[in-house]
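The first chain written gets the first letter, and so on, giving A, B, C, D and E; residue counts start at 1 in each chain.
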Amino acid sequence: MAGQLIDAAGKPTPAETAQAGRPISDGPLAVALDDIAISFAVKGRPVFNAVAPTSLHVNEGEFVAIVGPTGCGKSTLLNATAGLLAPAGGTVSIFGEPLVGLNARAGYLFQQDALMPWKTALDNVAIALEIGGMRRGEAVAQAQDWLKRVGLARFTERYPHELSGGQRKRVALAQMLIRQPKILLMDEPFGPLDAQTRQIMGTLLLRLWAQDRKAVLFVTHDLEEAIALSDRVVIMSAGPEARIIGDYPIDLARPRDAAEIRLDPRFHALHRMIWNQLKAEVAKTYGDDMDGVEATS
Amino acid sequence: MKLHPVKLLFLQILVAVVVLAIWHIGATVPIGGDYLLPEFFFSKPLDVLSRVVELFVSGTIWKHLWITLTETVLAFIIGSVGGVVIGFWFARKPVVAAVFDPYVKMVNALPRVVLAPIFMLWLGLGIWSKVALGVTLVFFIVFFNVYQGVKEVSPVVLANARMMGMNERQLFRNVYWPSAMSWMFSSLHTAVGFALVGAVVGEYLGSAAGLGYLIHQAEGVFDVTGVFAGMFILAAFVLVIDWFVTRVENRLLVWRPQAASEQN
Amino acid sequence: EIEKPNLTLGVGGKPLLYYLPLTLAERLGYFKEEGLTVEINDFGGGSKSLQALIGGSVDAVAGAYEHTIRMQDKKQDIRAVIDLGRYPGIVVGVSKRKADTIKSVADLKGAKIGVTAPGSSTYILVQYLMMKNGMSADDASFIGVGSGASAVAAMQKGEIDAISHLDPVISKLQDMGELKILVDTRTTAGTEAVFGGQNPAAVLYFKESFIKANPNTVQAMTNAFYKTLKWLEKATPEEVAAAVPQEYWLGDKALYIKAFNASRESYSTDGNINEASMKSALNLITTTDPKIDPAKIDLSKTFDGSFLAKAKGQ
Amino acid sequence: MAGQLIDAAGKPTPAETAQAGRPISDGPLAVALDDIAISFAVKGRPVFNAVAPTSLHVNEGEFVAIVGPTGCGKSTLLNATAGLLAPAGGTVSIFGEPLVGLNARAGYLFQQDALMPWKTALDNVAIALEIGGMRRGEAVAQAQDWLKRVGLARFTERYPHELSGGQRKRVALAQMLIRQPKILLMDEPFGPLDAQTRQIMGTLLLRLWAQDRKAVLFVTHDLEEAIALSDRVVIMSAGPEARIIGDYPIDLARPRDAAEIRLDPRFHALHRMIWNQLKAEVAKTYGDDMDGVEATS
Amino acid sequence: MKLHPVKLLFLQILVAVVVLAIWHIGATVPIGGDYLLPEFFFSKPLDVLSRVVELFVSGTIWKHLWITLTETVLAFIIGSVGGVVIGFWFARKPVVAAVFDPYVKMVNALPRVVLAPIFMLWLGLGIWSKVALGVTLVFFIVFFNVYQGVKEVSPVVLANARMMGMNERQLFRNVYWPSAMSWMFSSLHTAVGFALVGAVVGEYLGSAAGLGYLIHQAEGVFDVTGVFAGMFILAAFVLVIDWFVTRVENRLLVWRPQAASEQN
């Protein structure tokens, strides 16, 4: 079945598919990573090549989910797209222009806590608008509205250390979304949320995305979530020298109902297909490292 | 673990009483024929106290106190603002920091006592030469801390703020400044004392008024009681300034959780 | 025999002309000749060297005679054994800019007067002069200007109208043409005009207990200084300049010689302090410091002439 | 079906079931939280009662999973069990003794990053043994072994900031497990891990647990994971004043195969039952706060 | 953003040359009839340089340098160790800290110049009274920073370490100490300069040798060249000590990521 999908895109194997984006619109690609490689200098050790030359193209308005074994290089890839990490090789282009410095068109939801500890939840969200020059009153009103949308209406005056893990994540979500950036980089945004809240946030995200053709790069470990939300699921190989080794278009109709869609047989077919490749990949990691533990399943 | 304020005050007073008692005994009761704290060098606590009272009652102290206060506050403000500004600048411009690094350290090592004549030449005998002396002490203390404080900014918080699109000014206001704040305040507590020391040493080396002048005058005629009275007033004085600094600190750092190390 | 051949001596500003005999004694090798090894500790001021003596960290001090009187008031038994300077060496002068308005000490009312430090001998002398002229000590404002270049700077910048100071500041100011002298206690004439006689300045003093315990050591020190005074009495300015380290020359030998010549008369020739000059010194202190009761001071305990007598006898 | 289960325990409603532990063994309870309430002082606001008086009993050797909406008080409950937070009311007993100060018998895997940034992965793990007095050589050897088990054999010399989110979590896991504490407190331990690695880690955990009757309190947002691993799943209500409102024994046979068990019909029945209560609970949260977003599902 | 070492050295030398040139011009070229930096107060750079060379060639400097070095290093070590120990102690014992807080601040505000006679009384005229003076400066700088540094320990890291079962000593070694390290080193850079200042001021106020003695001698006879030569040697000297501190710092702080604020 994997073969069928890939053939439809006119490419022989998933790995090769991954080498290029599938142009849907005529405009320039929102994100084009071409043959980028990323290395880290580790003191007293040989350079660690986290990401081997690999390419990823994301169209305007496309929702791409990235999955892969832990430690493969997903965050690293987002960092490069954000302009926070300079790739050792290859080019990063944003809307057709080579990226210099930070990616000003992107919003980034970090994997780690990144709220300013000295600002309340409300101020953390409002500042995102204020720095654009919006009057404080207006910014606060909008921030309040956004905190309400992520379910934190009663926690606006809390400082980050007074919030639970999931609450902090939602403040960060509001902080990123309120700016309405054209490109969304999201690193496990719903990780510390319960399944129910995840779905609500997912729906919120999809609605915003549908409104003005944002490009989304969405890292998640929840394959169901990846399929339910995205247009394309991209699989990274286990590191070091991780590459994109699978690229699966998700041909499920939109708008999608986050809960209903999981019952769709097509959903299951896609899930099984992607899961098989992913599983093989993870097994590789542990094949190398984890002789002590038998990999079940 | 937190102490009741009354109990705290009691303990604080207890410490003072113990110290004064030791001082009194050391100065008046000979131990093996020798005094532990000979009166010639240490005076006696009661004498010092009555001298302090006398200074305040007679009113002579006010003029001197006022001058020293002005100098201290000016030195503190100018020195800290300078330290903060240059500290930030250096932290944000590694090239500038690298080039000037040895010179900053060299200047920090110059004995201020020796610089006094130069300050007097440039700034005259008024308060400004004393302020300058205080500034040279305060500046370095604040500078080194702010410099380090900015470098300690959490990389993730910074990256997030930059991704939001903050420009340098906004980063300063919203990230560097609040993040370096606890570093800055730590240095300010040290700096309060040093601002006063600078002012007093300046007065000591040449002036017409101020607590340093009083102390020097007392020293010239071997009036240790006067010296200690002056020092006591100085010390009491710094607590008042520090109290203001702490108020500002608590105000600006409301966001901080209780220090982890203080939890039970 | 000498009880304590290794001696530490304190002084507040060794290179000053005020303490020239000390430098000479060292440089001419007179301490060695007496079998002494003297380590000279230089302090931030005369009062600090006295404190060091009382604290026990130095054995002897070259300092002001006045200290021996004040210490009696503080119940410390300090005794001078030989006089080094018979006149205070302090000069009161006015800035050239004010020379027209301040013509004598009587005109100092309301002036800003620079002194080395509040409470110091330069400060006391001006107060004494003002009191003698019917003013009170509060009639002028006193500004501590320190002892080095800062004093020169204060005068040059017009921060002070008058100055009461010592060499080399005075010579430097004269050399720069900044100063008009009102009172000059470096000279016999100037000192007599103020005090009607001598007024001992630098002396060599010890703790009484030290003198008692180490009479031979004290004798040796007295001998060395007596020899120095005798050498100095006859020396030419050139010889003196040659005897002191070059750095003492104020950057200019001619200036140094000028300064030395101006101070020359103030060095004691016989090392003795007579009754009259003791009284004169006491009078100076009690006039300016009413807390000290002259009746309680036993002047005979401030100076012990027995060592000097022996030195002279040699 | 929920009813059936609860009735089997002789209690009329899940909420009441939650009021007491079900003694399986005769020994003292490993953890007994009785009527504990936890409040936070928030500057300039009324006290926030995070957890209302509620009770939870955990037997020796019992594996209890805690699920609940985000921000309900799961971490808070673990903190109280660890002795890091003093409850405003009620008592915490550990193996029959009231808890004073820290809970020395417990190991705690924190929700946030808690590794010492100044120690390498290896040292971070080895120190857990060294502080008990073990020789460094031995401790390092064991730490190396543990890092291998969590799949990080090649990352022993890295400092935490040089590791990915999932890698850091696994180091923390090794750091906690290597001490073999009698009580394991785990706050979303597998959150930032991919599904495959999660299963491997779950298996690892179960094996250790089976070895010497550890009591486990396991917070997760993945209900399947909760059911697959635990003896009991406990549901907390949405905060503030969160309580335990559901307590479901998981009567699936052990040893369980992490992958196989998900196909078991009993698994599905349990999942549906618990999920229904949980869903209702989460909906409550958003009913209050999130008028702007329709809760799909 | 990182500079090539050669380019850096070039820029550093450039700064020195510019400063020396301004000094030289200020001291030798009259501007509007007046000198900007009159020779009487500032000497001339070349004179200072030749004096420095002379001091080294003639060898007189070595003895003084050695004494000052000893004092500085001792003051630095004793003061920092004291500051670290007491800083930790206070941070870990909030009651002790609260009780002694006002007294620490009071003592920090005492002018060291006035304390000198007391140190001489207790410690004599040798190096120890100078060391004591340096210690009183170094101690407070390090103390306040370490105190704050311990309080800044990440609460989660601390909780984790405590849950692991660390006792107070182990917490110190594994958590507080490494965490407070960057605070400590920041203060040590300031403290190096102040240790030297303390030693020199001590010598200046009463001694028979050392750089402070040399400077004092030169000052008394208007030998500005000598004063500046002494200060120059001092300053060069502190760079050497600071270099050692930086080496130790880099060694101990290998674990730190590159400062976020320095990344592009």
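FYI, a residue touches a chain if its C-beta (ideal position, glycine included) is under 8 Å from a C-beta of that chain, and two chains touch if they have at least 3 such contacts.
Here is each chain with its UniProt name: A, D = NitT/TauT family transport system ATP-binding protein; B, E = NitT/TauT family transport system permease protein.
These numbers come from a predicted model, not from an experiment.
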item	value
Topological distance between chain A and chain B, in contact steps	1
Chain whose average C-alpha position is farthest from chain A's own	C
Longest centre-to-centre distance from chain D, chain (CA-based)	C
Distance between the centres, which are taken as Cα means, of chain E and chain C, whole angstrom	37
Where chain A and chain C are represented by their mean Cα positions, the distance between them in whole Å	85
Touching two or more other chains - residue numbers and ranges from chain B	38, 41, 117, 121, 155, 159, 204, 219, 257
Contacts with 2+ other chains: residues of chain D	112-113, 161
Multi-partner residues of chain C (each touching 2 or more other chains)	51, 55, 148-149, 153
Residue ranges of chain B touching chain A (in the complex, touch as defined)	156-157, 159-167, 170, 174-175, 178-179, 181, 253, 255-257
Of chain D, residues touching chain A in the complex	40, 42, 44-45, 67-71, 73, 75-76, 111-113, 145, 148-155, 157-158, 162-167, 170, 188, 191-200, 203-204, 221-223, 257-260, 275, 278-279, 282-283, 285-286, 288-297
Residue ranges of chain D touching chain E (in the complex, touch as defined)	82, 84, 102-104, 106-108, 110, 112-120, 127-128, 131-132, 159, 161, 172, 175, 179
Contact set on chain B toward chain E in their complex	1-3, 8, 11-12, 15-16, 19, 38, 41-42, 91-92, 94-95, 98-100, 102-103, 105-114, 117-118, 121, 140-141, 144-145, 147-155, 158-159, 176, 182-183, 185-187, 189-190, 192-194, 196-197, 200-201, 204, 212, 215, 219, 227, 231, 234-239, 242, 257, 259-263
Residues of chain B defined as touching chain C within the complex	38, 40-41, 116-117, 120-121, 124-125, 203-208, 213, 216-222
